[in-house]
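Same chain, two partners: subunit A is paired with subunit B first, then with subunit C.
Right, the complex of A and B next:
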């Protein structure tokens, strides 16, 4: 194996890693407001991708599919919040873990029956002819993934910092009770976070599908990696998920090349268990103080 | 007594006898296969209930232990030509060891992180079973021949009886465990992990042991699974099966052996349910009716929220409509599990057994068994000689949180046998100081010694082991347990039987002794009559006293009372003062944090005053009350002399 091959694999893997980072970012959004995450986030990615594919096949131009798909994802996110999360949060229980798993399973089964169990190609107007850049080949498609990931993360962060609604979101994240006393509805902030999270998931699906194809199995492969990224980075560091996402994507691609493609998920999972064992708050996360 | 035995053991024996008799009359191999699976899943679900029910965590790795156990047993038979018992022992051991290994990192975590760790482990296991082809045969699968049992080849009914006997044994062992200190500790650590640690019980230790035990049961079930099917494939132990197992435990009812049994019945019958259209329609129709009935009832009685009442009806309605419309229900199996599980989690969170147990306890009222007479207090809390020497010494103790100097160089000396007051305005660092001494925080710097020995830092559990007990300003009682059980959880040195013997039921004697000891402490604090009352139903004042009784169960050398009179009415405060005096008369040294100055004046010989994390005064209550710095800290700056003269 030459250095050139290795470099190529690392670059492609890192670009895939950005997609993991985006899905992981979706976890962070909901975790910030409600300390809950959607265990069915992978299914949200997959179902949104399938819906977008149907829109493409129906003849909708790509420029419209993107916002339509993201809107659909946001609606799905809101549904998950209403059906799976709100009751458990009101009861201050961790029932949302099981509930979001259940909803994910339902979406998966529905997708299997509506769109079939096979992987399908996702047509895109963006070219996949490689460009030679500093000794490695990169396709415009891969570049579009990177651009999309950074654009949406940047926009969401900007929204949180600049707009009043975004500041309300931040206030609930910082201290839910204090925010409620200031007249901010925590429930609405949580709904907003689930909507945004669903939107981000849909975008991840639309970006990654032209590269990987769309299929019901994409949910489980994506979500485990996104979990790894989110946990290793820490559930409160947007910068962290990008760094860890890139690293994990690269590591995974190298493992796949050297050990065997069946093992490509292993490094992420081992990292996840290790991170949980050694530093449960994540590499970039903040430690919390226990109080009595 | 006899009535109690009949009502509790009777149904168990009847069902066991019934199941055991079936092969004598039914020879249909398919039915026998289902019964065997029922026993195997029964063991599996009892194991899963340990984490999902008793520890209250979503465990997604149980299916991996089933797989590991199955492959361990299979490989022992195929590669090592091991016998029946050897292969089952190997399966159980593999479950125990891997369970223990996963538990060490995973159980430091809570909720979502725990679920993630177990999910990763399950996926890793599936990958390994698939990819280690040299060992497991990979996706090709692994065929085995069932070895003879103790030299005799087993018939189908023989194998069933063996599985059933193992199921009965597991059932009895779990019952013994849950009736012992272990069962109490499981409940306690769900209510308050911090208090469980502070009482020296060890949250982490109990969780790891429980998880390893549950996983060992998963391994055992896996071994039986392998010897039942005689063909192993990695994809049998999938996420789908994990969801079905969770469905079984939740629907049957968490924290219940009967619930696990009911769940196993469901898991065994599910495939038939899905393949038979009529059966499916009947079942889903019944589910819809049940959801509609309990939903309306809940709404009328206003015991449930509208969402809890409506969502299950919608989900079951979808199931009914789907059953009529869809060609092949098998294709939709995941959605069907999802809808069923959704309805149960939302509409029947306690499961069938939780629901039935309530109804049954109304029908057959059972008195709890009589308590033994209380032990003598001299035995439970032997009087200590107090020689007036130094017991606890703090030297320049500091605790910073980032830039906040909560405790900023406190030095203090607590004399043996004294009641040492610790006062100060709000935010002066009293509670932080107590949290540092009792091991909740690791101090930034400084030294703490108890009788000249360095006190451990940063571990409630190890400090508790040193003979320091505490109560909490914000109550940390084990609300689900009775007052008696609250005290029994904390009893120091009362439980010596090792876990394997506890499983065999050898802990009953020491249990009785512990009851007598705990009762003595409850009587000391005036709670003797409330021994059987659930702690959450006690009055606020009684809950505060219960915390003291529980801390005394540690037989502490130093007892830290963190604002015991906070929120108490005047008569209760008088009671409290009397009780603290009685405790002091037994030679227990105390640190008393209190805002009631009259209580402090009445009880304490020495008082230390904190402000801004520093000691500003120390002395007898009267000296301290007159100290200008203390007056300033509580009432603010006195007007300057010149200003007074002007006026």
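Right, the complex of A and C next:
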């Protein structure tokens, strides 16, 4: 096995890993403010991808499809918060677990009925012809994934640190009760986090679709990997997911190459078990003292 | 009072009388889901034949002409649905026969119910070897299951033959981890041995349903110097392989089973699919008058510019005609008698693929070909070109044209 082959596999895997990281980031956003997770996040990715595909087919230029798709994702995220999460949180119950799963199933059925069950290609103006870079073949499409992931995560993180609204978001994440005493509306911050999370999911869908095709089950494996990434990285670490995502993607590809293609899924599960056993708060997570 | 009783009797009897006038033919297959391009095209092709036969007044069954009444069932490519549908159909007392099934798993789950009740079933277009070889047992002296598809045995032989003809020496064998993929790999390895070990297998890799990134496996093949990829899998994953090959600059042909002609392969692979080779029983090119008439009728009836799976559509069409010929010869809608007629069809049946002369023989539990209609000569090599399947070798096109001209002269 030559070094060039290994490098190629690592790069291809790492780029897929960035998509895991982006979806995992969506988990983190909502967990930070509300300590709840949208278990239907994968369906948000899928439905947003389908809506964007319809927009492309309707003749909208790609430059407009991207923001329109993300806006749709944000609205869908807000809908999930309102319909599935808010009441449960107000009653301090864990009902959001079931509700988000149910909403996800609902989106899945709806997509199957509206768009059918077939996998479809997602046309994009970005070329998929490989360019040779430092001994590795990489397509502009893959580069666009990397650029998109870093851009949106960078912007969201910047928003949280610089703007007033973002600081309110951070305050609720740090200590909800204290933030409310300071006059910050936790409910708004949670709504914001779900909107952002939906937007991130939509972007993941739009970025990954030209590579993987669009279908109702497109995110079923993606979401499991993303969940592993989020848990391993820690549910409150911003850029930890990027590191773990890249690592997991590359590890999967290398395992597939060296051990055998049947073992591809193993590293994710092993990492998950190890992380839960050794560092339940995640590798990059902060251990917080819970006052009882 | 009597009047009312008579009326009630009429209500009960009338449908019975009405149904006695039709030939009930079940069409089953996945009409939704990943296999839908094949199931849907099969059904639509079969229904064109049904419509043509009915428009001409129906099938001459003894003294009367009877119309075909198609009964459609969607098995969703799910084994358990297939078993349920088979049970339901097998319990119908007046069913003349069944044509259908795309997925080998569905065949394995359902067909025993038809065999038990002696209901004639023509498997079409499922190609997995096991669907028929499961009955190779001296304890099955009589079989009501037939197949109308180029089975994997023929296909894998052609795939290996094509690689040898194209002077390839080193090949990569690539397959999905389902029953279909693994048995396809076994068939191919078997054929490589049978055809004189002229191909060196430099890599043998597998992938799972739903996999999108095939880079790692393909790189193994590329670095070992594979000159062709012999592949067995289903549409979406095949497309991922094709796109993965383009990405790493692996410019060698993909040769494999007929699933490489599925629209969800051709559409998702786009220009990367060009040059892919696979065995086909029908190419959507109007090279004979019969083929032209069928293609035009299909495009018009379903308002499409391209048949999603031309092979499935043409096989569905021909299978209905063969079944109708058997009903006519049997002179009854009794499924057991139709089976006997199928095993000994006196008249040649002109179809869109070829003119079928004695496609089946009496079931021989030692020879699966007795209930297989297709032989090597009815299958051609197809090639993907700009979003459609065309003839891979011009010799095949000329051969079919000649054959069609020959039958016209007779």
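Descriptive notes on the structure:
Here, the second predicted complex is superposed on the first by the 281 of 292 C-alpha atoms of A that agree within 3 Å, B and C clash if a C-alpha of one lies under 4 Å from a C-alpha of the other, contacts with A are read in each partner's own complex, and residues count from 1 in each chain.
To be clear about the criterion, a contact is a pair of C-beta atoms (placed from the backbone, for glycine too) under 8 Å apart; a residue touches a chain by one contact, two chains touch by 3 or more.
Model, not experiment: these values are computed from the prediction.
For subunit A, the partner touching the most residues, choosing from subunit B and subunit C, is B.
In the superposed pair of complexes, A:193 makes contact with neither subunit B nor subunit C.
Using the contact criterion defined above for the overlaid structures, shared-chain residue A:220 touches subunit B and also reaches subunit C.
With both structures placed on the common chain, the touch criterion links A:272 to subunit B but leaves subunit C unconnected. Judged by the touch definition given at the top, the superposed model places A:173 against neither subunit B nor subunit C.
In the superposed model, A:121 lies in contact with subunit C only, and not with subunit B. In the superposition on chain A, contact of A:262 is made with both subunit B and subunit C. Judged by the document's definition of touching, subunit A residues 220, 262 lie at the interface with subunit B and also at the interface with subunit C.
Across the complex, subunit A meets subunit B through its residues 36-37, 39, 83, 86-87, 90, 94-95, 97-99, 101-103, 105-106, 108-110, 112-113, 220, 224, 227-228, 231, 260, 262-263, 265-266, 269-270, 272-274, 276-278, 280, 289-290, 292. Interface of subunit C with subunit A (complex): residues 32-34, 36-37, 177, 205-208, 210-213, 215-217, 219-220, 223, 235-236, 239-240, 243, 246-249, 264, 267-268, 270. On the subunit B side of its complex with subunit A, the touching residues are 56, 58, 102, 104-106, 108-113, 115-117, 119-121, 123-124, 127, 130-131, 194, 239, 243, 246, 250, 305, 307-308, 311, 331-339, 341-342, 345-346, 349, 401, 431, 435, 440, 472-474, 476.
Chain contact summary for the complex, subunit A toward subunit C: residues 1-2, 5, 8-9, 12-13, 16, 116-121, 128-130, 137, 139, 211-213, 215, 217, 220-221, 253-254, 256-257, 261-262, 264.
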